[in-house]
Every structure is written in structure tokens, then in C-alpha cells.
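One chain, chain A, appears in both complexes that follow, with chain B as partner in the first and chain C in the second.
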Partner chain A sequence: MKINLSKYSTIGLVSLLSLIIFVIPYSASLEYSLRGKFGKGHDLTNYLWIFHQEGFLSHLSLSLELGLLAGLLNLVLMVPTATFLHLSLQRYKSLVDFICILPLMIPVVSLAVGAEYAMPSFLQNSQMELVFFFVILALPFTFRVLDSALSAIPLKTLVEASRSLGASWPATIMRVIVPAAKGGISSAFFLSFALGIGEYTITSLLHWDTFTTWTVDISQQNVLGSIALSTFSFLFAIALLVTIALVSSNRKKKQKELGETS
Partner chain B sequence: MSLTNTVPESEKTRELGNSRRKFQFPFPLLPFFLFVGFFLVWPLSKVLIASLKSNNESWTFSNYTPLFHGIYFHAFVTSIRIGVVTALLGALIGALFAYVIDAYAGPRLTSILDSIAAVFANSGGVPLAFTFLASFGANAGLIKLLKSLGWDLYAEGFSIFSFTGICAVYIFFQAPLMVLVFKPALSGLRKEWKEANTSLGGSPWTYIRRVAIPILFPSFIGSFLLLFAGGFSAYATARALTVGNVPLIPLIIGDLINGNVISDKTHLGASLAIGAIAIAAVAMSGYVWAQRKSSQWRR
Partner chain C sequence: MSKRVTSGSELVISGISRAFGAVQALDRFSLTIAPGELVCLLGPSGCGKTTALRIVAGLEKSDAGTVMIDGEDLLAKDANQRDIGMVFQSYSLFPNMTVAENIAYGLRVRKKSKEQINKRVAEMLELVSLQSKMNSFPHQLSGGQQQRVALARALAIEPRVLLLDEPLSALDAQVRTQIRDEIRRIQIESGTTTLFVTHDQEEAMAISDRVGVMQHGRLEQIDTPNTLYNKPETTFVAGFVGITNYIPSVADSKNEVQVLGQVLEISEHSSVVKKGEEVRALVRPESIHVEKASHGAKIITKSFLGPMTRVGVDAGLAELIYAEMSSKEAKKFDTGDHVKISITTEMVMVESV
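Presenting the complex of A and B:
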């Protein structure tokens, strides 16, 4: 009885805390974003405002494109790297692990200063500059996800089977490893995609204009509108990630059931 | 910079020592090393070199003297204070959340809460600043509600454009980040240890004090240092919130390279950037130590 009491009081305390810290502020901001014209009543005015702004579509499509490229490049670079770290090159794992933590620790502003100094001008004039730095910034998240995804599958057996049947390395990675670890690989993709879409620091310091920096610029005209936009992107991200989590946990369950029956 | 390099070097030589007989260059890792070399190591070395050059291209340490006086020194102190305060609060709150999720939530709820924590942890930046304006700005419903209940925050000198305000905003991504990085350590506590404690006659309190805390301590310190580095160097949120009221190192560096201040101070921007990296490097060496300590228990 005593244990149950402490259990419920802990859960109660934490729920209260999360209510104060997270739920109340975010609902307050939701309420704020729904205020109608001149602060009277509640409607969707602020949510519709953004669509009528000049440059909305062009900036959004640029950001989507950059995010997509960053996600793909990340996979092209990191899936083979992580695979080899799990197979024959395990002794380099702690080194790569360490390198992948660096972007999380090193201040992004410092990296931006370095980019101004070091990047050749043909890169400074190309959007790919941003994509490359998005990949660097996403490394801490994607490497960890890929690493644990590859630990969860019988990688060595799969690779040995595929190689001994005559498949080349690229074919092995594309047709065996990617399908086997698609859960982890898709979340690694989404992580770098999301980072690419929301990145502000490097983008603004290197003088690029993406959806994020554009939003900050136009928010000077309409604070309510930009709060609406923030709220919307926030709710959208939560909905997306929760759906992915539910789908993948369902799939795991199904796989488990299949494994038990077969 | 030198600090950040010592760790992998020593690790590399140790690793190589084990297998000197048949050393082969890891060609499959070449793309990764080239990429990281060009887009991470090379830019940072260029900053280091620039910070050691004077305006007429000779070597000098004079770019570093302003870091120890006046406004720049003050900005470093303020940024470090922000990092420590927000990391400490975030770590404590986040650890509590992580504990409750780990102990009481089922697998389905856990994965939902994990996703929500991931969104919150990455919500730092511009959207967060706007949300916070909406929640705690002078015109926000919440503030008005509190006022009607007789608690006027703004009359008591609260402002989101202040040190306290920034700390409050940072908690919003620090605490969820703590949940993400600290929960694996909590889940690593094995049930057998608790049972062993009970069967050897220990109370729950003994378990917490003599088993859980010693094992979790390195992970907690490591997570705290990670949070510190994030809070110390956060740029976007601070940029969107402060209008130059609170001097923060990331903002000053940003201003310098944007040419908003005085354009011939580019070398100062470089030395400030190296100073920021040096502080991050201290945090990082602690983090590496903590990782090593905590991985002892995860075999």
C-alpha cells in the first residue's frame, strides 16, 4: 500500500510539473495564435495569413529540397560507414563515435565562422554548401540511430550470405542491409530532413535565405502570424513523429508475432 | 583545439597498438573521414589560424587579449552562467521525467513520449522563441490570467528579454533533451541489482544510495555536460529573443561575422570562436570521461 501511494504521488507530481512547464505554455500559445483580427474573437486568420505572403512557396520548396538532399546524402555517407564499423572495422568505432559527437558540442557559430574562412567560393555560391553542413550537424543524431538499428539485425550473417552468393558491396548494402534495417534508416533520414528544414544558425550566418530565415524576416510584420506558424509546425512535427513511432512499434509487434508462429 | 584533438589521437594509437601486425588503412571509411575532414576539421583549423594572425598576416596572440577583459569577458561569463543554470535545471527536471517514463510507462506510451521529447528537444530556435513570446509576453493570456488572480509577473520585474527569461526559455529544450540522453542509462539499471539488494537485506533507500546513484552518476554528469554545451552555444533562440539586452558569446560572434559591428574585427571573431570551442572542449573531455565510466556497466 505504501509503495502504491508513493508510485501515484510520483506520477501525480510529474504530471503536474509537465502541466506547468509544457502543457500550459503551449496551450497559451495555441490560444494566442487563434485570436482573430485586431485581437477580437478566435478564428484561423493567423493560420491563413502565411499562405498569402509573397515567397511562401519558393522558400518552402527550397527548404524541402535542402532537407531532402541532406537526408539522402546523410544516408549515402553514413549507411556504408556504419555497416563497415559493425563488420571488419570495429576498432574505429570509438573514433567515429567521438567525431560524431563533435557537432553537438562545438558551437555552431564557431563552425559558421570557419565555413566563411575555409569554403572555396564555388561552394559558397552553391546551395550544396548548406546541405553539406546540415549533414555535419545531423551526424550526432543519425549515427546513433543507424548504429543501434544495425546492432539489432544479424548484420554479419546477412552480409556473408549476400557476399558469398556473389553480390557486390553496393548491391549488398542496397538490397540486403537497407531493407533489413529500414526502420532505423528511415528515422535517420527524417532526423536529418527535419534538421535541414528547421536549421537557422548556419543558414543565416552564411547569408542564405530558406523557409526558416524567411519566417523570421516576415514575422517582424505579423507576430500573431508567426506564432501561428510556429504552433502549426510544432503540432505537425509531434503528429508526424508519434505516427512514425506508433507504426514502427506496431510493425515490431507484428514481426515478433510472425517470428513466434514460424 | 588541441584539447579536442588529444582524445582521438591517443585512442587511435592505443587501438593501433593492439593490432600493429596487420595495419591496413580503413578504405571503406575514407569517404566519412574526407567529408568530416573537409567540412568540420578544415573550417575549424582555418578559424584557429585566423585567430593567431594579425591584420598584417604575422603571427600573434594579441587577438586573445580582449577575451579576458571588459565586454567579451563579461559575455563569456554570462554564457557560461546560462549554460550551467539551464543545464542543471534541465538535467534535474529531465531526469525526473525520464525516471517516471522508464518506471511506469508501457512500451507504447514510452515510444509516444520519446517522440514528443524529441520534438521538444529540437524545438529550440526560432519557433520556440515565438511560442514563448505567446505564452509569457506581456499580452499573453497566461500572464493576463495570472494578473487577474493577483500575481502580476511583469510588475515584479520579470521580462523574457532578460537573463531569467532566457533561462526559462532554454528549459523547454534542455529538459526534453535530458529525457532523451539520460533514459537509456536508467533503462540500463538491471532488475537483478535491485533484487540482489533486497535479498541482501538492503532497503529501497540503500538501493538508491549505494547502487543506483553511483552507477547513474557518470551518465548524469555526461548528460549535464552535453546540455551545458547546448545551452552555452545556443544561437537561434537567443537571437530571436534578445535585442542585445543580454550579452551572449554566440550572439557577439554572429554579429562580428555578419559585419554588424566593426568589420576590421574579423580576427577577433575568430579568437572568440576559438574561445567558445575551448569551453566546449572542456565540457567534451568531461563527457568522454563520463561515457567511458558509464559504459563499464553496460556490457
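Presenting the complex of A and C:
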């Protein structure tokens, strides 16, 4: 068997870089966060300290709620938009593309202050306004993900087939487009979700308190605890993404098995 | 096999037009399809046949005209409210659904009961002989199987009219013939009024009750395949349907023409000609008789077509003249043989040069 040396050397190089950039710092953080009182021994003291801090669960659940709502709102807004852009409004695609890029071009301070004033007053007084900011911040990424996901499926004929069979537009989007482009749609959702639960700048500028701002405040009280907190946040995000990936691959596997046994 | 015969619906298309910028895709196009009839629209690319079909389906807007099913105007309705089944060239099965789920889709959106859906899906699976594939996903099926599922899905909703948009174009030759016959069998069994669009004349002739030949957004002629082939009303139809020799000739009078030294009558629907005018006579290959000779025209090509054989004869004209004969008779001839050719019909269609 011929061994492809260049392929193996590329894999080796990428692994080495990953080790230097990710594995070493995170391993060091993990080791540091597990150190006992006064740096002696290893135990879960610092992690237990996080869970006992006031507001841990309330801030975490608020961030999860805001992230979830941002992810859903993003899909409700962008899936139909991207669908119609692909089907019949191709000429407006570059305009929408430009609008979606604006959150990367406009300084966050201007965005926060400007958009805050544009919000209806009942939203200005509610933490729910953050959902809209998270949606805006995620637009540059979610639009591109959805755009390429919809380009990868025969969208026009699927929509026409669904419509000719009697389905309304909402039914066509929910029953045909969403499942056919679910890879891209779930990526768009998790991008907004992840951005929502990790966003700090706008939340802090608008004087709201979420898990990220709470993390910064609490970190100032305990050095080892702050390391434990950042490690916990990182592992929590990884666990969330791995769970989602596993659920999605299990569903794919089940579909495949069902097809093969028929 | 369960047999369901419906009365079918009458489809009347009157004077529909559609322009895309400067291109007039459809120009006052009219067509009436009787209940239970299968009509094929045949024509070259860009002739407007698919546009006509998409307007009937509600997937394209019409600039003028009406589309009626059983006297009900369709143009005011959205595509999802027309009760029309459609089969596409690219199958367009929903990739996330099994065969059974694809067939059930139209019934689900109509909120039929579970029992009704299961019963109808079973009937449709039996109709297209795919019971064993009911739990398969589209990517696990061959092209022919996918198109049968698409047909079952379109018929499951008991459409008033079935539209088929080049449904066999993506299939290989052998499967194409098989699915073509299956479509016709199912269409007759279900009694569904059907409009079929294709650019393949053999397909159109084999499957249809009537064939409409289109050019430049208009219907040139609509008739039974037999009449269309034997009595074309325009030179375009004569040339587009079947193989035709265009033989340079000279008009003897406005009623007679000299073709290959023979004086023949000019058929109706020909171009208006005057004495001495140079014209082209349209002659089918089966109307050319070939016999051995010691000199003169020469056989250049010989194509075996199963029971028939086609020979290409160089008669000193710009193009070869093609003649068809039984393969048994063709054994007498080889390429390079000298032959004499004559026309066996008494009447030919002519067009001005």
C-alpha cells in the first residue's frame, strides 16, 4: 500500500498546531482550576465555589433563554428571507448580503446606542432587547450559512413540488425546506445561540446582567475560581455542541437503517 | 391490481400569452383537452411548451388569457389551490421523506385521516409496483423508481389534471421506454386528464391521444399521432415530426411539382408556388423506393434499425436522400451499390426555398 506522505505530514502539522494553540493552554487551565486550597493537591473546590455563588443558575438560565430565543428568531427571520432570495428575488441578494455584513462594519458602541434608540420603549426596558441585538450580531454568519445550505439543495423544484401538492408557504418551509436544509439551518441556529450565550460587549454597554457579565464580576473575587469558571464555560459549550452533533448523527443513522431494511 | 376509473376533467386554455423581456414565450396559445385524454406538447427548445404547462400549474404568471378546469377559472388561484398533480424532469422527491411519506405528503397537507392516507398510499404503491420500497429514501432508489414515486405522489391527491414536464428526459433509453409505457397504463387506469411536455417526438407519438406541435409560442397543429405524421398541415410539422427528406424540385404549375424526375401533385397546406419556381419537396424515407441499377445514385450509408433499415443515397444533391425498407429487403443492398430511387406517393408537400 502506497503511503501518502504529504497527507500524513499535513495531519501531523495540524495536530501539532492544535496541541500548541488549544490543548496546552486548556490542559493548563484545567490543571490550575483543579488545585486545592492554597494551591495544594487537586480537588473540585473551585468548581463547587462557582455553583455556590449567588446568581449562578439564574444568570446561566437567562443566557440560555436569550441564546435560544436569538437562535429561533434568527431562523424565523432568515429562513424565509434566504428562501425567497433564492427563489424569486435573486437581484436583491447582494443588497441583503451587504445589510447582513453591516454588524461587522459598524462599531459595537454605535450599534448598541443607535439600535437601543430605535427599539420600542417596552423593549428598551426589558432584557429581551438583547435577543434582537444577538440576532443582528449573528446575521453576517447565519446568512452565509443559510445561503450555502439552500444553494446545495434543488430548492426551486422542491418548493414547486410541495406547492403543486397543495401545501401553503408556511407548510412548504416547515415540512420541506427546513428538513432538506437542516444541516445549514441547525448551524445557523447554533451560531446565533452560541453568540447569544457568549456575548459580553453590548450586554455590558446596555447595563444588563447575563451569565457573561456575571462571570466577569465574580471572577474578580477568586483567581482560581475564575479559571474554574472559564474552564466550566468552555466544557459546557463543548458538551452542548457534542450532544447536538450526537443527536443529529443518531437521527441520520436511524434514517439510513430504516431505508436499508426496507 | 386495484382499478380506479375517474371521469376526469376538461382543461381549456384560451389565448394565454407570456413574455420574458423581449422574448415572447407564449403567443395567444389555446388548447382544449377532453376529460381523461392525454395530450402531448411537442416542440423544440424555447417553443413555449414548458411555459404553458407552468402557467396551468400556477408556477408562472400569464400576461393574458384564461385557464379553466371544468369551467372554473384557475388563474386567480395559487398553485396550491388548483388540485393539479405535477411530475418534474428532476423527480423532485423530498429527500428527507421515505417513499411512503412522499406519496402521503399531498394528503397530509389536505389533513386527511390516517386511515385514508394509509389506504391511498398502499393503492399508489401497488399502482407503481413499489410496495417493497415504501420505507426507502429517494437516494436509495434508481432514477426510474424515483420517477414512479413522483408519479404516485402526484396521483395520490386525485388531481383534476396531471401535468408531466419532460418526466423521462433524465432516464436512460431502456428505462425511458418502460416508464413511458407505465405512465400511459396508469393514466388510462386512473382516467386522469393529462398534459405531457416533451421534445422527444418518438415519446410523444407513442404515449399520446393527441400531439400538439409548438413553434414560437403557438400551436402549429394538434392531432392524433397518425394524422400528424401522415397529414401534417405545415412544413414545420412535417419536418419536425419524423424524418423527412428535403428534395430540391421545380414546380410545374401551382398544383404539380417535378421531384427526382417524377411529376407529383402538390398537397394542401404546402407553400403557394408558381410555375418554374424552385421549391423543396418533403418526402418521408418510407416513401422512397430503391432498386438496383448499374450506374447513377450510390448508397453511402446503411443503418440497421431492427425490423427496418435506413439507407442514405447520394443522388448528386447537396444532401443524402434517406430511404427506409424492411431489413429483409435491405440485405440486397450494400454501401457503394448503384441504385435507382423513385417516390411511391402521388402527392407531396412543398415549401418555397
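We adopt the following convention: the second predicted complex is superposed on the first by the 206 of 262 C-alpha atoms of A that agree within 3 Å, B and C clash if a C-alpha of one lies under 4 Å from a C-alpha of the other, contacts with A are read in each partner's own complex, and residues count from 1 in each chain.
Basically, a contact is a pair of C-beta atoms (placed from the backbone, for glycine too) under 8 Å apart; a residue touches a chain by one contact, two chains touch by 3 or more.
Just so you know, these numbers come straight off a predicted model, no measurement behind them.
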Partner chain(s) touched by A:176 [first = chain B, second = chain C, both, neither]: second
First, second, both or neither for A:10, with chain B first and chain C second: first
Partner chain in contact with A:101 - chain B first, chain C second, else both or neither: first
Per-residue contact with chain A, leading partner among chain C and chain B: B
First, second, both or neither for A:168, with chain B first and chain C second: second
First, second, both or neither for A:45, with chain B first and chain C second: neither
Touched partner set for A:160, first chain B, second chain C, both or neither: second
Complex contacts: residues of chain A adjacent to chain C: 153-154, 157-158, 160-168, 171, 175-176, 179-180, 182, 255, 258-262
Complex contacts: residues of chain A adjacent to chain B: 7, 10-11, 14, 17-18, 21-22, 24-26, 28-29, 31-33, 77-78, 80-81, 84-85, 89, 91-92, 94-96, 98-99, 101-119, 132-133, 135-136, 139, 194-195, 198, 200-201, 204-205, 212, 215-216, 219, 223, 226-227, 229-231, 233-234, 237-238, 241-242, 244-246, 248-249
Of chain C, residues touching chain A in the complex: 57-59, 78-86, 88, 90, 92-98, 105-106, 109-110, 132-137, 140, 150, 153-154, 157, 163
Interfacial residue positions of chain B with respect to chain A in the complex: 4, 7-8, 11-12, 15, 18-19, 26, 28-29, 31-32, 35-36, 39-40, 42-47, 50, 93, 96-97, 100, 104, 107-108, 111-112, 114-116, 118-120, 122-123, 125-128, 130-136, 140-142, 171-172, 175, 226, 229-230, 232-233, 235-236, 239-240, 249-250, 253-254, 257-258, 269-270, 273-274, 276-277, 280-281, 283-284, 287-288
